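Per-chain numbering from 1; labels A, B, C and D assigned in written order.
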Amino acid sequence: MTEYTSPELLTINAARLLRDGDVVFVGVGLPNLACNLARRTHAPNLVMIYEAGVIGAQPARLPLSIGDPTLVSGALSVCGMYDIFALYLQRGNIDVGFLGGAQIDRFGNINATVIGDYSHPKVRLPGSGGSMEIAAWANRCYIITPHQKRRFPEKVDFRTSAGFLNHRQEREAAKLRGAGPQAVVTDIGILEPNEEGELILTALHPGRSVEEAQANTGWDLKISPSLRFTEPPSEKELKILREELDPNRIYLKGGE
Amino acid sequence: MSKLMTLSEAIQRYVHDGDLVYAAGFTHLIPFAAGHEIIRQGKKNLILARATPDLIYDQMVAAGCARKVIFSYMGNPGVGSLRIVRAEIEAGNLEWEEYSHFSMISRLQAGASGLPFMPMNPTAAGDLERVNPNYRQVIDPYSGNAVVVVPPLKPDVAIVHVQRCDAQGNAHIWGIIGEQKEAAFAAERVIITAEEIVDESVIRSDPNRTLIPAFIVDAVCPVPYCAHPSYTQGYYDRDNEFYLQWDEISKSRQKVQEYLEEWVFGVPDRVAYWEKLGEEVHQRLKVGERLSAPVNYGLY
Amino acid sequence: MSKLMTLSEAIQRYVHDGDLVYAAGFTHLIPFAAGHEIIRQGKKNLILARATPDLIYDQMVAAGCARKVIFSYMGNPGVGSLRIVRAEIEAGNLEWEEYSHFSMISRLQAGASGLPFMPMNPTAAGDLERVNPNYRQVIDPYSGNAVVVVPPLKPDVAIVHVQRCDAQGNAHIWGIIGEQKEAAFAAERVIITAEEIVDESVIRSDPNRTLIPAFIVDAVCPVPYCAHPSYTQGYYDRDNEFYLQWDEISKSRQKVQEYLEEWVFGVPDRVAYWEKLGEEVHQRLKVGERLSAPVNYGLY
Amino acid sequence: MTEYTSPELLTINAARLLRDGDVVFVGVGLPNLACNLARRTHAPNLVMIYEAGVIGAQPARLPLSIGDPTLVSGALSVCGMYDIFALYLQRGNIDVGFLGGAQIDRFGNINATVIGDYSHPKVRLPGSGGSMEIAAWANRCYIITPHQKRRFPEKVDFRTSAGFLNHRQEREAAKLRGAGPQAVVTDIGILEPNEEGELILTALHPGRSVEEAQANTGWDLKISPSLRFTEPPSEKELKILREELDPNRIYLKGGE
């Protein structure tokens, strides 16, 4: 079996969640790599949209920031920020959003704002950016994160963006456009919401265990009755990632 | 009527202590030179608003120009934390007011449109709306459902960097256009900085490219390389190395002061700053040509 | 994925009896060829929405395609009355729903933005709001003042004529851009007609010029001269003479029928229509070249 | 004294109401000519904006319609319809709007919609277009119209756009951005609102009389205590109109 790093594992599993023809709101880093990997494998018709207002970018290099000029030169379309949020996201034109945050809780709610009290912050985080809206209005959301107990509390300190709130029914009552988080891809496995909207373990990566997942989760993590193992990263996937997408190992080096 | 003046003159005339300042740009076209001139002129008690504060607000806060920041994402884009703003907030030294991207931009859109509020669909997250009383709700009279609204943001002054404009201030902008247009229309006063001042005929050759019309503009300042370490599409590259360096510099207040001494107070203007950066940086940020296919407006 | 098809095929597939149709354009780029094809295919009970119905809706109403019009200015621009629509309304044969320009466009903006309504400042005129129950009020939660709101307009199908697009439907538009973008984003289905189908590389050379992205487009139809007697900026002139002629033709129902027989039913498509117009008209509507100054996007 | 036509008289008097530096929302026809005349005489810095979204046009020919391509080629800026109404008009960036209509009443309210009952129209007019908003939000509005009794009823059949409603105080209570109609230029003279917002006769053109004005007005037209005569069209004004602006007499021919 081929060796791979934790970011490679996360990226490859995220890529597999994308469907051909999906319109994706892309961030920099691993989601960007995951989308480009999906395009080169099973989803050639993926439409990539950057929150900076860029549609159909053909970057000649890996962008450091979401507003990199390489995303613009040769793109299909560029529009302003109001339009990208209103005409694309709020209108319901986005199939998939990627989210991240310092904390993700039992019902998939995300904290990207503050650790501790909001008015007297212990750790002040960058804040919502577009994630409040992406979490609400993209048809499906995916979260990519290392699996650590401090990142998975029972309840987030601050709810920057909505998962299923306190129960799937609560989200449904709020009449949000999107269906909420569909999967959390970690370096141990994959969590997905059950009928109540609670995140449960539905897959383990090769070599990882249920006990490991539970020990690194801040709530009593339930296990899906149909728990499966993910397919290990293939030679092809690793080759595309390493040789074409991130040859300088900017995002894919291990040891995070 | 020409509005050409130096950036120093424009900041002196149009930025006053206590003003709400919006230096526009989403990663692209951030008017760093204007921020540096504000620092040099020792402006005080500013309210600094931007969707993405970026390093320019870190530097202005470090220099003591600001009493408050208004933002939706406070980070060093692609790198991590905005250390100075963050530390000042954590220490209780700096007021802040916070939005999501869309609500921040909706505030500008309301300001630019002369509306008393802009509606948004609900996000249900709730906590930001709880801590920021500027978020309100109205009832959609068609469905009876709740809609979230935010009030207009009307900066006292907007600073907008553009690729090219004429001496009156009719400005062509391309690449990522973020919230430049909205900031200009929302503001009471508008300062344009430009890579190039071009003849009116260049502007008139492509009127659809003009996002900001002269009659809302107060000052036009020719400032090549104004955006460094941010970038101007087609003119120079983003200095990603500096964004990484700032992450190191901003770990130490002494280093930040040294940086300001050397690169802000130590130079009179952007020409000197750019020269000081030196040939290696100039070469590294140089970009090749990739021209738009022309369009025909027709002789009528 | 190419969406190229003939206009006939696109109308067949994407315009159904009873649909709410928005054929976009403010004087400019009005897709007359699509209106004629709708007439030829005998579509019925359409709801025809447009800020400015123009002659194309006069012709479609005359041909019996419509049961209702939605508009904000029902005139023959620069000439006078829109005689057929007016007569049918006065005779009680045609339903109508009426707005001011800004409320009509605000409806499209709400539809394009996925909002349940758009607010507008009050105009106090009152009578239009009284006769059209789609106008409602909400209370501005900041000031307590009343604000007027209109609900989204979401056409079943928008037809948008453009200067150039690629086979997927990424479209460059310049000149008067009216409500083209908003109509496309508001609609469930989008038919693009284009003067020219160009290689994707032309589109990619100037992404800021792309107002409509391919992924919201259903059909791409190459239709040179689609807009005549309206015009396409840079491609041909507005046929003002025909607008004056129609004022005469439309005084008589018989002449209107003769016109439809000859110019709509009597030709299979726009190629034949344009040929039939003849050399004198071609020459009269020809325009010279006035190119935009290129911009540099840069090689990054 | 030089001869002139009624449209020339209207145009020249409208032009004189414009101030240097005004930002004007221009229609086609006489308002367009009036603006261009003002630019060539006392208001070189007039900014002309067309409701089609065109700013700073330099038309090489007289446009038939407000959306003529000659307005676009060589203009300073072109924007969409939402922007022209929102960012320009509603934002308060327009100093002057020109209005017209089939009926103008005692308080400057305008009907451009219907004669008779709205639901069963006797005469169906084109409708508001932008006039509902222009009347409310432009800082000042001017109306150019022939002076005829049927055009000046006591009360309009349908209030398409607001003058002073039933009294200046009523308009003020509505908190509209603009100050309302400031003058109605007719072929007999000029009407202006008094303190109550009622249109009264403030000026007569050379050779016209109070009696003529009153006989052609549908309400009991009051006369300003400081009634004046307008300056007759000057040689210079007529020359610019006839030789430069409308040499083919498309709008300026008499006999209306």
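Here are some notes:
The rule we apply is simple: contacts are C-beta pairs under 8 Å (C-beta built on N, C-alpha and C of every residue); 3 or more make two chains touch, one makes a residue touch a chain.
The shown structure was predicted, so the numbers you read here are calculated from the model rather than taken from an experiment.
Fewest steps needed to get from chain A to chain D, stepping only to touching chains, is 2.
Chain centre most remote from that of chain C: A (centre = mean of CA atoms). More contacting C-beta pairs link the chains of C-D than the other of the two pairs C-D and B-D. Each chain gets one centre point, the mean of its Cα atoms, and the points for chain A and chain B are 29 Å apart. A straight line joining the Cα centres of chain B and chain D is 40 Å long. Annotation: 37 Å between the Cα-based centres of chain B and chain C.
The residues of chain D that reach two or more other chains are 54, 68-69, 72-74, 78, 86, 90, 137, 177, listed in rising order. Shared interface positions of chain C, defined as residues touching 2 or more other chains, are 114-115, 120-121, 145, 174-175, 177, 181, 205, 208, 233, 237, 287, 290, 297-300.
Here the chains touching each other pair up as A-B, A-C, B-C, B-D, C-D.
Those residues of chain D that touch chain C in the complex are listed here as 28, 51-54, 63-69, 72-74, 78-82, 85-86, 89-90, 109, 113, 118-124, 126-133, 135-137, 158-162, 165, 171, 174-177. Residues of chain C touching chain A in their complex: 1, 112-115, 170, 181, 185, 200, 203-205, 207-208, 210-211, 213-216, 297-300. Considering their complex, residues 23, 45, 47, 54-56, 58-61, 68-70, 72-78, 86-87, 90-93, 137, 177 of chain A touch chain C.
Residues 114-121, 136-143, 145, 147, 149, 151, 163, 172, 174-175, 177, 202, 205-206, 208-209, 233-235, 237, 287-300 of chain C are the ones touching chain B in the complex. Residue ranges on chain B touching chain A, taken from their complex, read 26-28, 51-52, 71-75, 77-79, 81-82, 86, 89-90, 92, 98-103, 105-106, 108-109, 120-128, 131, 145, 174-182, 231, 233, 237-238, 240, 243, 287, 290.
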